[in-house]
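Two complexes are shown next, each including chain A; its partner changes from chain B in the first to chain C in the second.
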Partner chain A sequence: MNPDELFLLVPQSILLGAAVLLMLMEPFSRQAGRRRLRMVAVAAVAVAAYALRLQWGLGPRSIGGGMIRVDGFSLFFQWLFLVITGLSAVLAADFNQREGIDRGEYYALLLTACSGMSLMAMSADLILTFIGIEILSLSTYILAGFKRRDIASGESSLKYFLLGSFATAILLYGIALVYGAAGSTQYQAIRAAAAAGEVPALLLPGLGLLLVGLGFKIGLVPFHSWIPDVYQGAPSPVTAFMSVGPKAAAIAALLRLLVEALPGLAPDWTRLLWLMAVLTMTLGNAAALVQSNVKRMLAYSAIAQAGYILVGVVANTREGFTAILFYLVVYTVMNLMAFGVVLSLSGPGDRRVHLEDYAGLARRAPFVAAALGVALLALAGIPLTGGFMGKFFLFGSAVKAGFVGLAVIAVLNSVLSVYYYFRLLVYMYMKDAPQGGAESISRPVGAILAIGVFLILWLGVGPDRFLALAGHSILGLK
Partner chain B sequence: METLFFYLFGGIALLAAMSVVAQKKIFYSALSLIICLGSIAVLFLALEAPFIAAVQVIVYAGAVMVLFLFVIMLLDPFSAAAARDKRKRLTFLAVALGLVALAVLFTLMRAHDPATPPLAGEPPGGTDPVGRLGRLLFTRYLIPFEATSILILVAIMGVVVLARKRS
Partner chain C sequence: MTELLWLLPLVPLAGAALCGLAGRRLPKRAVTIVACSASGAAFVLALAAFFELLALAPGDRRIEREFFTWIAAGDFTASAGFLLDPLSAVMALVVTGVGFLIHVYSTGYMRAEAGYYRFFAYMNLFLFSMLVLVLAGNFLLMFVGWEGVGLCSYLLIGYYFDRPAAADAGKKAFIVNRVGDVGFILGILLVFLTFGSLEFGPVFGEIAADSAFAPPGSGVLTATALLLFVGAAGKSAQIPLHVWLPDAMEGPTPVSALIHAATMVTAGVYMVVRCAPIFSRAPAALDAVLVVGIATALMAATIGLVQTDIKRVLAYSTVSQLGFMFAAAGVGAFSAAIFHLMTHAFFKALLFLGAGSVIHALSGEQDLRRMGGLRRRLPITFWTMLTAALAISGIFPLAGFFSKDEILWSAWAGGHPVVWIVGLLTAGLTALYMFRLIFLAFFGEARYAQGVHPHESPRSMTAPLVALALLSAVAGFIGLPAWLGANRFARFLEPSLSLVRRGDAPHLSHALEFGFAALSVAVALAGIFAAYRLYVVRPGTAGRIVARWGALYRLLRDKYRFDEFYDRAVIRPVLRLSERTLWQRVDVGVIDRAVNGVGASMAGLGGVLRGMQNGLIRSYAAWILAGTAAVLLYLSLFRN
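Our next item is the complex of A and B:
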């Protein structure tokens, strides 16, 4: 480990140092000093983002004998995770104070989750990928159950923990089989083993089990059953974080694994993922149609969105991967906006999350309703929003790669999804409010919503710069 | 001799593992698990990995199992044992899927040539197995080793969060 390599790990070290600092500050903080805890977390994220900026021009490097890869791909994802973590910390502020869970551990766990996600995106070795997944999972299990007095939060945490442990065991089994087939856990060695003559027999079931483990984290059908209950029961800011962070991290790990370690099995995994993409989109959208709880509806919508992203993986081309990165940025913005509104309006006890609670919102809080409206339009993929552009690139890449049937199914699904996104819009704009109290949101959440609206429209009208950035990031993946 | 040992203790491990699942009382399940872990430790010995065998006994058969038993005692297993699983249909499905998995594994074993897998380089340092393991941990696997410490830190935080008093 030379100083040069350590420099590349500085962003992660900052995050973890801040997490430890938060744990030390927590016992000495009085109720009034809670703001400082949050500031430490946000400052750590900002400094880490700056440290990452310094690494951008260095070109691809690897640390620890090829264990960790620092290239455009991992830098892109690290940056995305930092944004997600910072925004989650800011979004959680008022909510946590209201619910009495504004504690240092909350922000410390967000930071460790962020570093776990970063490890997943950087790792080029199954062992490190596994540890990254576990750091992320443990952090989110605890965050989901952070509201200890709330029975739904406890249920959410326990369900996530039990099913997640099971998925982890399956993932480990897959890693063991791949190790048995290739004699190594390093991606390059696995690739070499699959390329030399015939594919070892153990590699195929290994691939299958790895897909189960990662599919669980992404929330792909048929490994999605935990998502609705866990998303609904967890505190809303945690749900916001879970719906974007771990999903993006698992997709990053999946991409690196499939493209760098298992390109030799591409015909097999494209066939498997094709089926999973179709099931995920269709089932997610169909189930979202009948939900009356907004958090649960957004949970099913998140399942469906993962299906759209999978379309780009199935395409298995540079265009497909670029589209995935682009869509993940859009998805992060629109989902965090939607959940930002949900957690601001959910009221004491996180209870007001039903469709009826949104009736007449446009009259009570025009700005909030408009912001949520833009997010929903983007989620539905209406033109002029970033959501449309993202889907256009994703499905377009599938068509170019020869998966016309998959693209048609994806477009039909998008049409289906318009129904439930618009139903919420109808409630906000066309129904009368049962009780006419004015809603108020905190200033930071308002600022995030405003920036989000701007970003979604910008990405929808002029996506070129972001697309170029995504295309440049993908070059590291090989 | 080695083959005999393998089949003997491999068989015991399998039977004990089945017993873990089949026992009606959770306490007996835990005891079966100890037998299973112990025979796997013997298998490690036969593979000339005495250190791993010792760790297996100390950590799994020792520490982890004591923890299991503590939890079981605290949660009163004798009332829990009465609650039987009523979903028989799912049991049939599980058995059927298990047989499918067995068939797949069997075909794989037939197809897999144990001589082929290339091993990832000779580990550095001497003939002493513990020394080799230590060197590997602090050279090739340094980053996962350090990352594991983060994992443990997160687990500690989790305990603090879940076990704290109401404030």
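Our next item is the complex of A and C:
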């Protein structure tokens, strides 16, 4: 690699370097000095984001012999991941102190996870995609079990690890089949192999297995079974991170794989993903209806939301992909807000996560209730919020691509989802609190909520700038 | 200043937010300061914008500021942008100026009311919406302001929501306005379908170029203008959508003054004038505007003769004057319509605020039959209201004389002698009902309850009265008729109306115009004299007239029975339809069953899913395996 190419990898190096630094600092810092560790992580994220800024406008580049792509698409996702990672670190701070797990490894693992996610978005080679997924997965397996003394956390981690390994094995098998069919793991080579006359026989099962592996990470039905248990058991800040970061990364990898390597099989994968989108939204929403645990409800909600995002993939048009990128931004904001409230209110032991615990919240903590309310309205897709605009663009792209049935099902699902999002609102605003006592949230979380409310309303009223940015980022995909 | 145009509506919005969100915890004094300084600052900003506009050459007095692209979906784009031209500058000045005075007045009038902060939050919000309406640079943003002022109106009509009459009046205003808004929305849609844009500039430019697909007098333009006029008739209370405005008097009196007299209800007139390029090329629609306007003016004036509630007299007077403005637009005298809108804002706001002062002094009494003799007790209120009454009656040289006379003259000059005669008759009736009010309230014996000791209102209330009285007295001089000098107002407004299509004005002599003006003053004086005879000299005469013309009196008292007609023709059939058919059959029988069915089956599905989610890793792994098999099978089986 020449120095020019190395420059493009500087953001990754910063993240990994900071992770190593955090590991080294951890044994030497006292309890009081933990804040510094957090600051290192946030600073690394900020510097990496700045380094990325310098790459914007360079035009699409391929490095590492065509393995790594640096283009608008990967830059968009890398930024998104950095924001998610930074926010997760901030959201976790108070929680981790409260639960006694405020250790340097936590932030180091967030940074390595972020670097894994970034690789997934940049990769134009199945092997690198696999490596990215593994870096991300190993980090999140540990994060899920970070509360070592807590049985639920341990169970969550183990379940995630075992099922994740299972899915990874399937993914690897898929890579092997595709390699067998195309003779290469590079996306461009796979594309060329599929384009030259007859599609190789092994490519189709290879595609199927790759979709299973990525579908597991995204949480598509029927590969979603791990999500409720793992989300519920993991420490709340980790759940917050998992519900947005890895999901977005897997969608980025999926988009690049399907659009750059397998456009020749588009009729096949749109057909399959159509069905999976319907199943994912419907089952996610149906199961969310009967949950009384807020974390679990949000877990099912995250499954259903993945189904909505898939609608844009099925559309298989620039508009669809643009809508996906836009919606991922909105989804990140609203989900992090919802989980930010949940983890702030969950109390000692991360236990107060039932619907009843939210009764009368509007009176005990009006600002927090209002912020959560805005997030829920956005998740339900009510107009004037970014959630509405995002769904509008997603479903609109499906209609334009001729998938009217899918759009109708998606809209009906959105209507259904209003029930459980609003049930939480009803608890907050219309039920009396069982016991008084004002809730308090930390100042950084409060600031994130305030910015989140602003962003959601902004994206809902004036989505143009973000839409243009998303549309510009999509140009890298080809 | 024009760089900061966005600040103009935003200042009252900030005031509304501050009062609404934090008002409950703030002391009343702080709310007062916030609300009044927000409206005052808006007025100063409007003044600054006005003078900046004035400094430009007349042809350049058109400043467009686009803030951001609001919606971009396919071919359709709408920007959030303001248009500052003479027309919107005049409107912004009236809205903020009168608005500020009424804010000051309200601090005295609403002093003892619960929810003081809520009142001012709505009032500031109203100013914001109204400014968005008049400054909007396209139809869509105008519609946002349009709905915003409507919302504030409903909220403030229903301000005393614990009084059923107030709550009902709010509902009525909402429903009647919905009818008008449907017309407005359809009109906007038609504009977009025809011209592919909603920005005023391109749309009106296209129309003014007499484009091939929408030539003057074409069906498209006529339909567009008629639909827009339906919207205007709803907001500005014209026949047949006028029924909500008198009931709207259930709101606090400052609200009646600001929203239901001076500003919001004139939005329809403003809209018609703003769309003058369309209307002036749709003669049929313009005729409809003229007929509806003049008929409303006459009808409302006759009803106003027999009302006994002081605020309802003024409400019908407002409806009648709005009719005058539409009649002006209908004969193509758009600048006269805006001129009358402005002078009317001054004297009608003054009349309402004076009425509020009377009501305040009599501890809530609104019935004219239980007033009287207040002249000496409330001297400031009396003299200011008298000024306003003379102004609205069209007595030289007060403001109303110039604006009303310009309308009547335009009607004659435009070749509408019938309109001129009806207008003249209405002007006489206006003087009659207005001085009936003055004589009943301020002259004669005191008829109010024993133990009530009327007293003049505090300075915070009388100061706005005096300010408005000065404006009512002198504002007319900016629009002098030709026989007296130059109409500076019309000349200022000219750039906004440059795209209007005009016919050839017949040249009539100044002497004739002067003669007509003298005649209309004479008619007004006759009306005042009649009122004097009926209510001061021989107070029993009115009763004898009622006894003799009983049927006519009852028809007027019952407001031509519009409400009864709507009740029978619309409300009851709709209720019957919704109760028997829609509710009991369709809703309960079909929809409820379907919804409950879906709900039950989804909950059932959820239950099944919960059963599947048994927490065992081996069964999860089995699901994944089965899913993988299904994926491979599906991919290979359904391949074409």
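Criterion: the second predicted complex is superposed on the first by the 478 of 478 C-alpha atoms of A that agree within 3 Å, B and C clash if a C-alpha of one lies under 4 Å from a C-alpha of the other, contacts with A are read in each partner's own complex, and residues count from 1 in each chain.
Note that a contact is a pair of C-beta atoms (placed from the backbone, for glycine too) under 8 Å apart; a residue touches a chain by one contact, two chains touch by 3 or more.
Just so it is clear, the structure is predicted and the values come from calculations on it, not from any experiment.
Undergrad: Contact-wise, after the overlay, does A:455 reach chain B, chain C, both or neither (first, second, both, neither)?
TA: In the superposition, A:455 contacts neither chain B nor chain C.
Undergrad: Kindly classify A:230 by the partners it touches after superposition: chain B alone (first), chain C alone (second), both, or neither?
TA: Touch status of A:230: no partner.
Undergrad: May I ask you to decide whether A:175 touches chain B, chain C, both, or neither, giving the answer as first, second, both or neither?
TA: neither
Undergrad: Kindly classify A:275 by the partners it touches after superposition: chain B alone (first), chain C alone (second), both, or neither?
TA: Second partner only, chain C.
Undergrad: Is A:286 touching anything from chain B or chain C once the two structures are fitted on A? First, second, both or neither.
TA: Only chain C; A:286 stays clear of chain B.
Undergrad: Would you check which partner chain A:205 touches, where first means chain B only, second means chain C only, and both and neither mean what they say?
TA: both
Undergrad: Using the superposition on A, tell me which residues of chain A are in contact with chain B and, in the other complex, with chain C.
TA: In chain A, positions 205 sit in both the chain B and chain C interfaces.
Undergrad: How about chain B: which of its residues touch chain A in the complex?
TA: On the chain B side, the touching residues are 104, 108, 111-112, 116-120, 140-144, 147-148, 150-151, 153-155, 157-158, 160-162, 166-167.
Undergrad: Once bound in the complex, which stretches of chain A touch chain B?
TA: That would be residues 1, 16, 19-20, 23, 63-65, 67-68, 100, 103, 105, 108-109, 112, 115-116, 119, 125, 127-128, 131-132, 134-135, 138-139, 141-142, 145-146, 148-149, 180-186, 189, 193, 200-202, 205 of chain A.
Undergrad: Mind listing the chain A positions that touch chain C in their complex?
TA: Touch residues, chain A against chain C: 158-159, 162-163, 166-167, 170, 204-205, 207-209, 211-212, 216, 222-223, 225-226, 228-229, 267-268, 271-272, 275, 283, 285-290, 416, 461-462, 464, 467.
Undergrad: Inside the complex, what are the residues of chain C that reach chain A?
TA: So the residues of chain C touching chain A come out as 68-72, 80, 602-603, 605-607, 609-610, 612-613, 615, 617, 620-621, 623-624, 626-628, 630-632, 634-636, 638-640.
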